[in-house]
Every structure is written in structure tokens, then in C-alpha cells.
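Working notes, beginning with the structure itself.
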């Protein structure tokens, strides 16, 4: 029984290791570790990764053993190590034999460059390399097993794996913060201080950061808008980008010299963009908002795509500039000054965020917000307590669309360009992700989510080709570790934690790691 | 050995400490009833026995075997079935499919068929509505279905959470008769009822719960005459 | 460090000892168009390998990913513009992303050399920093129309494109020139790029009875089109692509169906340098050069020109290197008779540096050969 | 004067006639109970009143206004509130919020008022809160305002549902005695104790109507519904309440 | 007061009533007008229409098979499995490698049986690989989120989709790969129909795709409606706790569901490769979204609905642009418009969803 479980763990981690090799993660680890420690060779990093996973396999195997005696531990570790080693050794042998035979392995598996293989084989013959791999990995499995045993004496391990607390609760639990919150005007001081900092912000940031954070800011406004639609009213909108695009195209068409040469003043266009986007929300909403749940999701997704396809289609080229988009979009001026640099835009964006946050916050804590929430919980009953659901859905949709239109206007004007490629499905998905990662229904959550979602890929840039891979994995991880989001509203947090514990996690309950 | 033995269990909903050390036993062939006011923890006790909610502390044993390591569905295979609070029938499945689900843990076709006949005999209305979708049944019909479904498992231990809820008075009388009948045929029963008087009239023993603790435990006879119980739970002054 | 003397109108980049001279490379390295971005970056990387340093200062190629979108193009441009060590950019790769980037680099005085942004209007924006080593769509369209009409003797063509800025622009221009020559456009059918079934639009095209199908777009879509033409009722009709469809990849993907298909190609003269480039490429990346896109030599040339220009204007001052920015931009733009992989390159005063010759290639027996009459 | 009048209301499901040409009235200010065996059509009739079902035939008037063409929310706006046989609360909202939502039709704050937090909106909100507190006290849930509704035990969920239904009334509780109630209950002690009149349904048809005392002695009702041991009160938690202004 | 309420109510009610017929009339007039102009201009002969129809049917059957998997998972977890298309893509790659291996060993075109065996094995491998990935996906990315609000698994699915796409890009490269079919079912051979005096090709691969998808749909329908497993799936879909109280292993049932849907995706992937010929790391994304659209169109959670939705969508994409005289570039616009229209008139899809609301 234990042997079977242990060998399963060994196989599993062995397979993961193999995947790392096939994905070229060994090479990446080699480069990165080499970079940090100024090594000339990529071998240490690569092997560090391989060994790490093998050790982890050993650890997992031992964790499967109910009450491990020393012998049982050793056997589990050994079995896992052997299986792990076998997996890798056989694959390595296969690959290097194929290579020696002149097969073009790289035609199918592009990461298996001769260099990458050499990292693993040290230039040995296939058999020798496989044998080496086997021995090393078996040892690593054993080490993992022993490590569990050793670490069991130290309780620190357990405190590390304690249940999740949010950044918010941790922050609020700090004594200084507690003290402050009890003071009289703490709220006002907080708001004032925050605003002041925001006002000075653009000065200290350079051009790059003003631009990047400006983008984040635009996504914050988008997020606040979608938060109303999804978070408050519970309408899953996967085509939110459509309203963003409408705002952007409106400012482009009305202020750019081509294709129409209308060249209106930016400040006049802002309200037009907002109103037209809201109107589009209503127009789309009337026929589709009678649909429930995920029907709405796919219909809105379709709407987003329709807008994008139309904007680049031959049919509308004369009107929208087609796939080439519209250039020289006008920027804002103030008393004759041109204030359209990243720096000034930062102020416009900050102003936009503050306004949007103000509106959302007040809506949330009002009769309107409650009606949305009720609708989200149970539409029939909401209707039965007197809420005209269609009207409230339209209201949510239109408010969300207005905010999206507004950010679209800023976006296009700041880039001085707009084109269909900026309005792909990915934008809708990103905004949805940031709302949920931040914590659905929570306003500070939107800010946190935008920072992570737009910031993370920037940070991950050093992973080069692997950045979207890592990003995908992090999305999953984030949801598992913190399903309530980074900065959840109090309500969400309550909802989730209870549910998670109430379910009693039958799975965890039966595994020896978390026995009663 | 007792059919069911609950020893000092503590169950939580998040931070809410719902059961604070409940202990009770049910011997084979008995009807035991749990009574108590709103929020006393009756439902929570049943949920803790079936494993839907895992107690953080304490033991639940079925014929001496610890149930903690088992998942809820495995516990069903050991012969425990439940009529859940609020009926919880499968709204999109037809009446007969609902009953089939009740017999999910069993294999013998002929035995299942016999039990189906018995359920239809107990609740002729269900037979009439065999092909109606569960969700469109009336409240009382749903309650019958929930009870019938639990019987389809042919359990050795049957947990019933307010089986008379939503039934017309004529039917309430008969359902208590039927519970006694089922019990006579060899099914041990743990019964939760708001309608404490009725419950005590058919039970062997009873436990009184209050805010997650057992405050009284006695034979049904004694409880029925107990002053405190009469005042608080039987509505008799 | 001693005060550095710089009398350049746009100021100078100062590279301290131990620092590197950074040259950006911007293109989509993830996402739908990553094959282009990655391929061109490889060309550029090889150029850096060939010429790794200037006056003892190492050159570092900073690769930035745009996923092909203008939005990220702007983000990346701002990032590069904020780094004082960045003096030049090999890029951007797509016209949309280039378009938003030009004003940013103009302001930051960073010289650009795009390997593949072919939108004709880019050089008409009056930018002092933008140059490109790829010939633009207008030229190509004109030549292609001419070739089809005069050399192939075709009078009725159908035009397809992928709806992208490049594909549509090119297809529109070719169609325009073809009409001017007296030919007929029997049908226009834009498609959705990235799909693998175009049998329905092809059937619609077939119904118009063209002698030839002109396609503006990229090789992957072209290959799907070419291989589905026969079964959609276009048996025997010539497929005529563009420079976006040229490359080994097209033949690999379309297999036998590629036989007889045309494409445009900036002839890369067979030279020792090019042979070496091909060998280096395959050794370094495993793929044969030209598999992912036809532009890797352009990536290489753009990078080489930039490095050469830096070499020309950089001066050493104490332990640091001074690169005057305006001088650098001027140097790049005054490139003359530069022997690149893609030919002999000379920049016009608007920044068009491509070798102007165009060649039309046709697939014969599974390989690209020069089309008839050239 | 009758606050609610049903005339020949019929509702069918396929071949089943759940409510069969039912005539039914509720006098203003009275408490009327609707009882009958399981599946008699009580809930169905109720759903017809509140607009969830559209009867195939017949007419329904509330204060002489026809209900047949109205949406459930419009019907609520006219002053009819309900609870459900299978409790349906807004599970992920707090107890307080549930009651506040119950007051929806009574409050006026719109989009603009909410955003600007006009003094009027603020005052309305404060009053709403106060009223909600009162309702919670009334049903015995005082102090539970910030619990999640779904965490209440079953019995308390029922109370909350009643509080939510009562909240839609414009008046304060102490003036609420003029409430008209339509009650569906299987708990005989409750029914017989508080009803002014009782109507008994069986197979969608009215089989008896009268005061509680009359009904209790009616042999048809005993036969079809009450059973022999009828007098004993039977514990039920399935109230369906209609409160009308 | 009461009458005021009533008149207002009546008015909105009337307007609400008018929206649908108005939309219906406008659309019908538009469609008829376009259809008339197109048919009158006679730009397409009958052979072309047949070509469109065939193309649509085949495309639609692939959509249908993917949609079946979507519908299954949606039906049980109410979750849009965004990564489903990518599971299909990996299945397509697995089939591709299998065929390459047979080809490399010189087995692919030895004789007819060898070709059949190769294709069958390719299907088996493709389906198994997708099955395993689908189960792993559930285990790693969705199971821990079982109790979380519904949108959380959606995000996790989006993450999984990105992850799988990039795994494919990194291991198999950015280039596209062309399927090597056995000679007997090369993509451009098949039966020839004579329509209006012109030849129209019905490719064997297309027929294979269509027939196979029908078989898979029927098999799945029987599984869901008739077997104990199927009933358990439906019970779990409704109420997991209560299902467990019936003795149903909820985790097991869900894992099985993912296994089945994964296998279907794998089959779709291999079908895609054999018929369309080209695969690459993004090849699953668009079909994935289309398949979800198809599932909704047919009535989500409904097995025959998914099939019908897939076919309708495929045909709309292939026929509608031509019929309405629009460029094919706008086919997705038409596809989504059809979806909206269908939902306006049948809010739960063509065949209706199997999910019904709670009772009041």
C-alpha cells in the first residue's frame, strides 16, 4: 500500500521533472541561477531545479505514510527516488540515443537542444548518463525522506503552513494601525493623506513609471466599472472591452485629423464618450439582460468580438480606419497649454479613479447597491421584494459601460493612437481577472488586482519566453491560495472562509497530514 | 456494542462553535429522538454523524468503528441514510430517478424493486407522480420523496431531520406510524423533530439539546413528563 | 568620473565603465505572432554575436515583448525611453506597435531601425529617428501588380487578405495598381487570421472564377489557403502571396499544395555572409533560417546598421563611452551602400533603407525558385 | 370591502389542474388561512397572486386593480409581500441587509441620490435602518443584524423571511395591525388560533370555507385533511404570509 | 395611486412585449432582403452552396464534439472550462506525434489495415492524453476551488488555458505542424458529387469527422440519460452534499466527468488535425470559444443541444456570410448575432437547457 503510494509520488514528480526538461525550465533555471551568482556554467541552476523536485518527491512520498517509523520512511523515500530516477533515466536514455541516431528530436520538441541535453548528460554516453541520472535522483528522493524526518522535530514547519490570512487583516492587525484607527479623524486623515500622496506621485515617477502606472490606473477605472457589473450585480460580462473600444474610437474619430477631420476639443469629447458608451450599454442590455447567468457571459463575449471585428472590417474602414486604426488622436489642453504628456495624464487618471471610486462606494452602500446584491443572490426573490430587475441590470450595465468609455477616451488620447488590436478578448479577460484577483466587490481590491495583473507581467519580463507560462500558473495558484482575492470586501471574506471550513474538506480530512 | 456512539464532538461553522461536546448513543433497534429549540444544534449533530461536516474533536463510531477517516459517501455504504432538513430533493430529476439515487449504494435489482414497491405503498402520491420532475412537486410531496429516498437505501441506521415538516395533519399522523413500522422491521432511527410531543410518543429515549450541549437525557416516557421539557419544548403549560 | 563633454543637440548617452550599451529589440515574443518576434530577434541576436562590443564596451540586446499589440508597444517604448543606456532600437516589428512608439522615441531621441514594419505611411510622419530596412508595402504592391499583369498575363484576380494592417494594406494597394493596369478584380474576400479552415471563403472566391488569387497576410494562413484551394473548387488557380508568405514554412505547411504558389521576396543575394548566417542560425536555434518568418536577415541588418552607426559616432572620454544621440540618428540615416544580408542598403532622407529590388518566387518541386521572366 | 378577489382562477400543469376555477376573497384587515392536503394547489394559487404564474383562466383583483398583467415586482409595489415554503433568503447578505432590501419599494433614493448622498437620501437611509431594527426585534432577531443570513438556523431563517416580508409595509409596526394576511400553514394550532376565516382546498377546488370552529368540525375537512387526532397542534414551519397595506 | 401604478405597469409591460416582435420583424426583413439580392444576383451556383454546406457541417461537427465536453462540465460544475479548447489542442498534438511515429516507422501507408490501425491508435492516444490532462486539470486547478464562488474557478481556468498554451508553445515550438494523414484519407481525396454540372469534393476526412461526432454524441447521450453513472452525474450537478448522502462519490463522479470530456476533446483534436491539417499551440482557443457558444446555442447542459448548436454554428459560419452577401471576415459577427437572436426568442437555447429554476 505504502509502496504503491510512494511509487506513485515518485512517478508523478518524475513526470513533473521531465516536463520541466521538455519545457526548457532547466535551461532557464541555469541561466537565472548563473546570473545571480555570476557563474559561467548553467549546470548548477539546472541541477538545482532537478534535485529540488526530486527531493520534493521524497517528501511527498513520506507524507503519505500514516505514522512513519524510520524504516518506513527510508523505504518510502527510496521507492519514490527509484521511480523518479527511473522515469528520468529512461527518458534521458531515449532522448540521447535518438539524438545520437541522428533523429531530429528538436523538430517536435524544440527545447531539446544539444546544449540542453548536455546540461543533463555532461557529454556522457546515453547509458552512462542515464545511470548517473538514476543514482542522483534516487539519492535525492532519499534525502527528501530523511529531511521530513529531521524537520519533524522542529515545529516551525507547522506555523508556516497555517491557514491563509489576507494582507488586509494582517495590516489591520498591526498595533500601530489599530491605534490609529481608533483616533477621532482617522478616516479623514487617511483620505487626505492618500490624496496628497497621489498628488505628488507623478512628480517623483519618471516617464516610464508614469506611463506604466498610468496604464495600471486605466485598468483600475475599468476594473471599478466591471466590479459594478460583475461584483455588485452579478452579471458576468466577458465583452467589457467593447465599451472601452467605443470610448477610444469616439475620442479618436472626433479629435483626429484623419479619417474625418472633426478635431473636436478633448474636454468636449470626454462626456460624449461617456454618454455614448453608456448608451451602448443600454442598447446591448435591453435585449440580452433578460438572459440569465452564463448566457449573458457568452453573449457579451460575442458583443466584444463583434465590435472588434467590425472596427477592423473592410465594411467600416472608412469610418474607423480599419486595421490600421486612427493616429494623431488629440490630447487635452488647458488654457492653451498642451497637457497631454504621461505626466499630466497621470493626474487625469488619478482624478478619474477618485471619482469612480467615490461613485462606486456610494452606490454600493445604498438602496441601489442592495438591490444589485439581492439580484445577484436570487433573481426571483429580488423581483418578489419589488425590484424591477431589468431596470437595475440596465443601470449596472450602463454605469459600468460609462466608466469603460471614460477609460477608453483616456487610453486612446494618451497613446495618440487607437486600433483594433488594442481591443481583443484578452482585455476583457484581464479586467475580469483583476476584479476577481483583487477580491470581487471590493474597491481597494480592484486597485490591488490591477497592480498585480498589469504589474506582474512586467515583473515577469525577466523570465522572457516563460513569462506567460508563469503568469498562467500564478493565476491558478493565486486562486487556490486566496480565492477571496487579495483585498476582499469583509463580506466576501466571511462567505468564503466559512464555506471552505464548513465543507470540512473531506479530502484533507482523510489524509494523514491533517488528521483530527 | 451500540449501533451509533457519538462521543464528545465539537463541530464548527467557521468560527462559530456549534456543537460543544455532544455525546449520545443509539442502540440497535431503538428510536432515539433529539429535541431542542431553534439553533440548538440538532441538524448540526446529524450532519456531523454523516460526515458532511467533520467534527474538529471527538469521535463518531458506528458499531465500534471510527467514522472520521471516511468520506460521507463511504459512510452511506456502511448503512447510514438521512432525510435531510429542508428536503434537498434533486429538483431536476424525476421522482423515480430521485428514488433510484436513494438506492445508489445498493446492487441487487430485486431488492431495490421490492423497496420501491414499499415506498410507493407508504406514499401512493409518489407512485402517481413517478415521472414528474422533483422540483415541481408540492412542498409536502417533496417531503414524502425525501423520506422515500432515504428508505431506498435500506439503511440500518436512519437519521431523520424533521420528516413531518410541511405535511398535512392527516399525513403527519401516518408518518409517525410508518416510522414505528420501519423501526419494527429492523431499522434503527435517530429522529429530530420540532414536534417533540409526537416524537417522544414513538421514541424509546430522547436527548434535549440547548445551544450545542445536551442538557437532558432520559427515556421518552420520563421526558414527556419532565416539567422543564413540557414548558420549553412541548408548549404545554 | 570627469565631467563629460557633449555638444550634441539632443544630448549624449554616457556609458560608464562596466556598463553595457543597450540596444532594444521589440517584437512579439509571446502570443499569436510570436513566431515573427522570436525569429527576428534571433537574427538580431546573431548580429550582436558577430559584433559584440564597441570600443571595448559590450552591447546588450534588450528584448521586449509586445505580444503584437500597440498598447504594449507603447508600454515597452516608454520603458526603453526611460533607460539612459538605451541608445537605439531594432524594431518595432509590427506597424501598429511602431506607430505608437515613434513619438515616444522621437521625444527620447532614440534611433529606430525597424526590420519589418512595412506600413508605407510610417516614414511620412516626419520622424527624425525612424528608419527601416524593409521595403514598404506600396513598392511591393506596385511590383506585384505589374508582374501578375505583364509577366503572368493574368487579367482576372481575386484578392484575399487577413484583415490585418499589413495584409489588408498590401492587398488593397496591389488591387489598386492591378486595376490601374487594366485588370479586373473579380472578388475581394477578407478572412479571419489564425484559423485552419478557410474552405467556405475559398468556395465563395471560386464562384467568381478568378485566374489567380492574390493574398496579403502571413505564411501560416497562406499555407492553409493554398492547401484548401483545390478541394474548394479552385483547382489550377494560381496562389500568389507576398513577402509575408515567403519562406520554408509555407512549403512545409502546405506540402504538395504549395506547388506553383508565388510569393514576393527581397532577394537576399547568395553571399558568403548569408551562408554563414544560415549556418549560424541553424546551429544556434535548431530551426533552419526562414522557417518561422522571412525577416530574420532584416533583424540582423537592422541591428548591424545600428551597431555600425554607434561605432562611428561613439567617443571615449576617460573611462566612459559617449554616444551623441543626434549624431547617431544622423549616422543611421546616412547609411550608404551598406553591405547587409538583404543587399546593398542605402537610406533615403525619410529613413527608407531597404534594398529596392523585389523578386517573385514560385514553388517548384518543393522549393522556392525564381519566378519566370526575371 | 375585499382587498383581494379571485374569480374562477385556473392553473394547469399539463393534464393536472392544480387550481380549478377557484373563487376566493380576502376582506380588508382580516387573517385568512388557506389549508388543504399536500398538493392541493395552495402554493400554486399563491404563485398566481404574486405573479410568478400566469393563470390560464380567471381574474385576480387587488384593491380592484387587475393583477393578471403585472410583473412580480409591480405587484409587490402595490403592497403585497410574501414568504416561501422552501425558505428563500438572500443567503450571502446580512440579516440587516435582507430586511433593508425588503423595504425596497418603499424607499426612493435613486442613482443620483445614492451617488451624491443627498441629505434626503441620508435621512431615508437612517429611517430605513431604524425600521429594520424594529422588524428584527419584532421577530426576535435583534442583535443578529450582521450575521450572514445563511448562517442562521432553519427556524430563524423563517423569522427573517417574515421580517423581510413585513418590511415592505410603509407604516411602522405598531400601526401595522391593519395588515391583511393570507396564511398557508399545516400547523393547526396556529391556523385555528389566529385566522378569521379558513378556506380548505382539495384537488384545486374549495371544499369548505368558514370560521376556524366551523372548519374544525367539518367532516369533509376531517376526512381529507385533519385526520382523527386533529385537535393536537402539529409543529410546522411552512408559513406563507401575504401582507397587504 | 393604485391606478397610477397600474397604468405605468401596463405601459412598460406593453413596451416590453413589443421589443421582441420588433426585433424579429427587423431581422426577418433584413435577412430576406439580403437573401433576395444575393440570390437574384446569382453570384453563387448550386455547387458553391453545396460546398458551403459541407464545409459548415464538418466544422460544425468538430465544434459539436468540443461542445459536448463543455456542456458536460458546465452541467455538473456550472463552470466555463476555458481550458477545454487547449485540452483539445494537446490531444491534437498527441495524435500528430502518433501519426508521425507510424510514418517514421514506415507503417502508415503500408496497406489499408495499417492505415486504419494508425488512425485508430492516433485517436486512442489523442483521447488518452487529453483525458489525463483533463483529470489533472480538475485535480490541480479546480478541485481546491469547489466551494469558492463561481467566478473563481473561471479565473483558474483562464490561468490553466494560458499555461497549457504556453507549455505547448515552449515544448513544440511556435511553428505550425501539418498532420500527416495516411494516403487513403488524404485531405483532398474523397467522393465527388456532381452539382449543377460541377464537381464538388466530399473529403473522406470530413465524412469521418461527421459520422464520428454523431456516434460520440449518441454514446454520450446514452451514458448521461440511461446509466447509473449518468444519473449520479446529474445528482451531483444539483446538490453535492445530498448526492454524497446517497452514497455517491462526488469527487469520483466529477473526475469521471472531466475524463469523459477530456477524451471527447482529444477526439475532436485528432479529428481537427486529420481534416483541417494544421495544428499549433493556439489552435484550440477559438474553437473552444465557439464550442461554448455552440453549447449555449443548443441549450447548455443538454447533450443533443450541444450537437445541434455545434452544427448550426458551423453552418451559419460557412453559409450565412455568403447568403447575406457579406464578406467572410464577418462570419463571427453573424455567428454571435445568431446566438443573440436565438437567445432573445428562446432564452434557454434551441433545445432548452436541462436546468430548471428553483420552485417558488
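Going in written order, the chains are labelled A, B, C, D and E, and every chain counts its residues from 1.
Operating definition for what follows: contacts are C-beta pairs under 8 Å (C-beta built on N, C-alpha and C of every residue); 3 or more make two chains touch, one makes a residue touch a chain.
This is a predicted model, so every value here is computed, not measured.
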{"item": "Fewest hops from chain B to chain D - one hop per pair of touching chains", "value": "1"}
{"item": "Chain at maximum distance from chain D, centres defined as averaged CA atoms", "value": "C"}
{"item": "Most central chain, judged by mean C-alpha position against the global CA mean", "value": "A"}
{"item": "Contact-richer chain pair (by C-beta pairs counted) among A-E and A-D", "value": "A-E"}
{"item": "Approximate Å spacing (C-alpha centroids) for the pair chain C, chain E", "value": "37"}
{"item": "Distance from chain C to chain B - Cα centre to Cα centre, in angstrom", "value": "75"}
{"item": "Gap in Å, rounded to a whole number, between the CA centres of chain E and chain B", "value": "44"}
{"item": "Inter-centroid spacing, chain C versus chain A (mean Cα positions, whole Å)", "value": "33"}
{"item": "Interface hub residues of chain D, defined as touching at least two other chains", "value": "43, 50, 52, 71, 74, 77, 84, 86, 88, 151"}
{"item": "Residues of chain E engaged with two or more neighbouring chains", "value": "166, 173, 251, 327, 329, 332, 357-360"}
{"item": "Touching two or more other chains - residue numbers and ranges from chain A", "value": "110, 309, 313-314, 380, 465, 468, 494-495, 498, 502"}
{"item": "Residues of chain B defined as touching chain E within the complex", "value": "50-52, 71-74, 76-77, 81-82, 84, 88-93, 97, 100-102, 104-105, 133, 135-136, 149, 153"}
{"item": "Parts of chain E lying in touch with chain A, wherever the complex brings them together", "value": "16, 19, 23, 74, 78, 80, 97, 100, 140-141, 143-149, 151-156, 158-167, 170-173, 251, 289, 292-293, 296, 300, 326-327, 329-330, 332-333, 335-337, 339-340, 343-344, 347-349, 357-358, 360"}
{"item": "Contact footprint of chain D on chain A as seen in their complex", "value": "358-359, 362-363, 366-371, 373-374, 377-378, 380-389, 395, 399, 491, 494-495, 498"}
{"item": "Interface residues, chain E side, partner chain C - complex", "value": "43-45, 47-48, 51-52, 54-56, 58-59, 166, 169, 173-176, 178, 187-188, 190, 198-201, 203, 272, 276-280, 282-283, 286, 317-319, 321-322, 327-329, 331-332"}
{"item": "Residues on chain D engaged by chain A in the complex (per definition of touch)", "value": "50, 52, 71-74, 76-77, 81-82, 84, 88-94, 97, 100-102, 104-105, 107, 109-111, 113-117, 121, 125, 128, 148, 151, 164, 168"}
